[in-house]
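Shared between the two complexes below is chain A, which pairs with chain B and chain C, respectively.
What follows is the complex of A and B.
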């Protein structure tokens, strides 16, 4: 397990390095001058030249890459253009809001997806199974920002059941949770479909297993067999699916934060683009990418811990 | 003609496939005949008629500038389908070429390319899009570049895996021993055998591509105003959501119908033609 752990960790580090290289290529080698982008069209040539000097854009490209690379590994992602604060601090300040939103999304998707998947598996082939199947495909297909807008329109603007904007009063947990309901629904609804399908498939497999047949032969109640004996095994693939899912929910979270005017990394990077705050954009992209890689790593390690076959095939 | 009808009949036998095909045909029809279906110019501003609900004259109402929403929905379909078609085609070509090279080429090149694909996939999609638009500026080209960057690694990986599986098969070895050059082997012997599943997967990615275009246009990072796009209509609706619900409804409905249509159709295509891909 330890060898597997270190191999996997090493691979993650390599992937992050390559991702950083791609990001660097995108920023510095694609036509377009970061200094003029940062200053806007009305800047004078002297202003651009001095900013280029300050950003180190006059140095040879390999030197620039080494500077970018080494300081990023040390946690130095540059400083914000306007306030001069370190970008890493700014991003880490906003990250908890986004993580709370993703946690809310997972709660929605698990709370709805697992029962739906079980129900579909137990009543296999019935109209209930078909409806759950169609609904799963449907919620996966529809983009999350459309769900976000419609949730805002229906539950916040028309019915006025839930608040429309912000993250709630700081310190007031109840208020913060009410503000979390709609945005996290928009983030998690698509994953209800993935989880329901996954639980249904693995549940159907488990229900054929011999220990379930034994439990039936002993005359245990159906409900107990389904939820105690079958679900506890059928749920394992879902855990690993969520590892990948958290990373993709990051993308949905960006939209949810903008639609519901919540603080978070998505709102941060969006505002940074509008104000041409270049270091914040690249810093946020880097932090979220590292987060994504780490979450996938965590998911792989959990599979590795649960299933020895994965470790040996690596 | 019979060759073409058989698969369509197979799709129509599945209720979901029939619904998907109907929605897709509806959207394509609306986009092609947009000029015949409405007499309104989708970009013409008419402030006196703004924020109207649906009526006989304006089937879906008007937006904050008095533009006819039905005309904008139809013309927005052109943008969505154009992006989906062009960028998916480009992704397929790039993905096939890279996948064949990785699968048939030397081992070190394969490893390097897999590493690059994995790194590309490690960027959250929206973050990649935002970073790219910061550099390139908002445009339709930027949207298509994002789509290509997001989808190519997946396509290339599939082609690579299958190429490796076929590389050592007997008929390829036979062709090699008869002196066929690698380009010929790839084109004549490998490509026709690996392309089928990829086309089905690409068709299932079309809703994702349409989602990316609409999402970026929604953020104001895709199609520039006043060009109609479903995403930018949704943004108009979001901005004036407290004045009227009709703009948001008009912008969202076509996105929902199109993504559902292509998804249902894609799922049926996969089940009918290549059940092995199920569960992907």
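What follows is the complex of A and C.
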């Protein structure tokens, strides 16, 4: 188990390195000079040249990459062009908001998707199954920013049940949670559909398995068979799906944070792109990449914890 | 007392191409403390019969007529799902063919054995102890440690023994064994059969043993039921069926048993032809199209001919020895 963990951790480091290389290439290829942007139109050529020198932009490209790469591993993601604060600090300030948003999105999708999927599988072919099927495809098809805008209009503007913007008072957990409900719904609703369909399909497969027939032949109660014997196996592909889905949730989080004017890395990267604040863009993308890789690792470890067959192959 | 008395059972599946008459007028008894073997080719209705007894027929299957009387009291065809569930496990338990897939892969063996005792009022420790005792009975080494292990950590033969332990743990009145040794190799097959017979005598239950292995049936069973295309074509004691087969199908089936070949041949004997389409059952004898003794009368449904001492064959010529017919 421990060797597996470290092997996966090493693999994660390789993935992050490759991501860093791609990220560096993309930033290098984007037109526009960060020094000019930072100094504004009135700067003289000398001022730009000295800033470029300070930012290391006049060095050969491989050296620039090596500087970026080695300092990133040391936790130095550069300084923000405008305020001069360390990028890592800026990103880590915003990260908890996004993590809360994604955790909320996962909570919605799991809390609704798994029971709906089970229900559809157990009552296969019935009207309940069909309705769940149609609704699943519908919520998958609607983009998350559309859900965000309508959730805002209906529940915040019309009904006034929930707050519209912001992340709530710092330190007031209840207030922060009520501010989280709508944005996390926007992030997670599509995933309710994915998970319901995934759980339904794998439940139907597991319910056909011969060990379920054995469980029935021993007269176990239906509830125990469905939730204890079948769902504990059918849940496994869903965990993998969610691990991969974190990436998509991160991109939905950008929209949700903009629509609900919430702080978070999505809002941060959006603003940074508009102002060509490249160190912040690359720093944010890097941190979210690391986050994505680590959450995927977590998903694999959860599967190991749930499935003894996987555990013994570690 | 008869543990299981099946009388005139008819089961139909509704399919896209119309109804499929899977079991037709199936009648036989499983007497108390006896091992009854069911033998027949693939697709002869063995599995359908088990599912009908257990009340686990697929959604498109239904029992049209007939009765399955359990311990002389309950007609299993008339019990509701909850009553059937109460019988499955404590009264009627089952060992299935596939030992690899018959146990839940993500629940430990001990937990599964404790779960099936959910009706019992004893403490969890006592249930675990009961599981250990049963595992020791089926000769699983280090039984207490085995409780914490998962099915994939056991070999195929051990898994099948665990399945047998689970099935017998509730001391059922009837054990249904659905080809429990087919997936095992020959050595394991023999030990498993001996174990099953041993346990049956200790617990004193009746066994309905399904197999297509004639040697195993002859070794283990007291009575034999021969099934063909959803019908019981012949039934009797092992001695009656193996020494004096009266239905042409039984006779041909026995001839096909490789163990009975006395001479070396390049090709093993087979029964020419195929099982008729059960969606369009012939009105007369189901075996007529493959029978070497077919004659005009076979176009009508053959009677269940009792040739003496409970030996019954569904054939017009059950009382006419083949040799007599050949010389006539």
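Couple of notes before you dig in:
Note that the second predicted complex is superposed on the first by the 263 of 314 C-alpha atoms of A that agree within 3 Å, B and C clash if a C-alpha of one lies under 4 Å from a C-alpha of the other, contacts with A are read in each partner's own complex, and residues count from 1 in each chain.
We take it that a residue touches a chain if its C-beta (ideal position, glycine included) is under 8 Å from a C-beta of that chain, and two chains touch if they have at least 3 such contacts.
Here the structure is a predicted model, which is why all the values come from computation and not from measurement.
Once the two complexes are laid over each other on the shared chain, residue contacts for A:232 go to chain C alone; chain B is not touched.
By the touch criterion defined above, A:259 reaches chain B but does not reach chain C.
Within the superposed three-chain model, A:69 lies out of touch with both chain B and chain C [touch as defined at top].
In the superposition on chain A, A:5 makes contact with neither chain B nor chain C. In the overlay built on the shared chain, the residue A:143 is in contact with chain B alone; chain C does not reach it. Contact with chain B, but none with chain C, is seen for A:251 once the two complexes are overlaid on the shared chain.
When the two structures are aligned on the shared chain, A:217 is found in touch with chain C, with no touch to chain B.
In the overlay built on the shared chain, the residue A:285 is in contact with chain B alone; chain C does not reach it.
Once the two structures are overlaid, the count of chain A residues touched is higher for B than for its counterpart among chain B and chain C. Shared contact residues of chain A, touching chain B in one structure and chain C in the other, are absent. Residues 54, 56, 84-90, 93-94, 96, 98, 101-108, 115-116, 118-119, 150, 152-153, 163, 166 of chain C are the ones that touch chain A when the two sit in their complex. Every residue of chain A that touches chain C in the complex is listed here, in rising order: 209-211, 213-221, 224, 228-229, 232-233, 306-309, 312.
The touching residues of chain A, counted against chain B in their complex, run 14-16, 18-19, 21-23, 26-27, 30, 32, 34, 37, 134, 137-138, 140-143, 145-146, 149-150, 152-153, 157-158, 201, 247-248, 250-251, 254-255, 258-259, 266, 269-270, 273, 278, 281-282, 284-285, 288-289, 292-293, 296.
By the touch rule above, chain B contacts chain A in their complex via residues 16, 115-116, 118-120, 122-128, 130-137, 207, 211, 214-215, 218-219, 221, 234, 237-238, 241-242, 245, 248-249, 252, 255-256, 259-260, 262-264, 267, 279.
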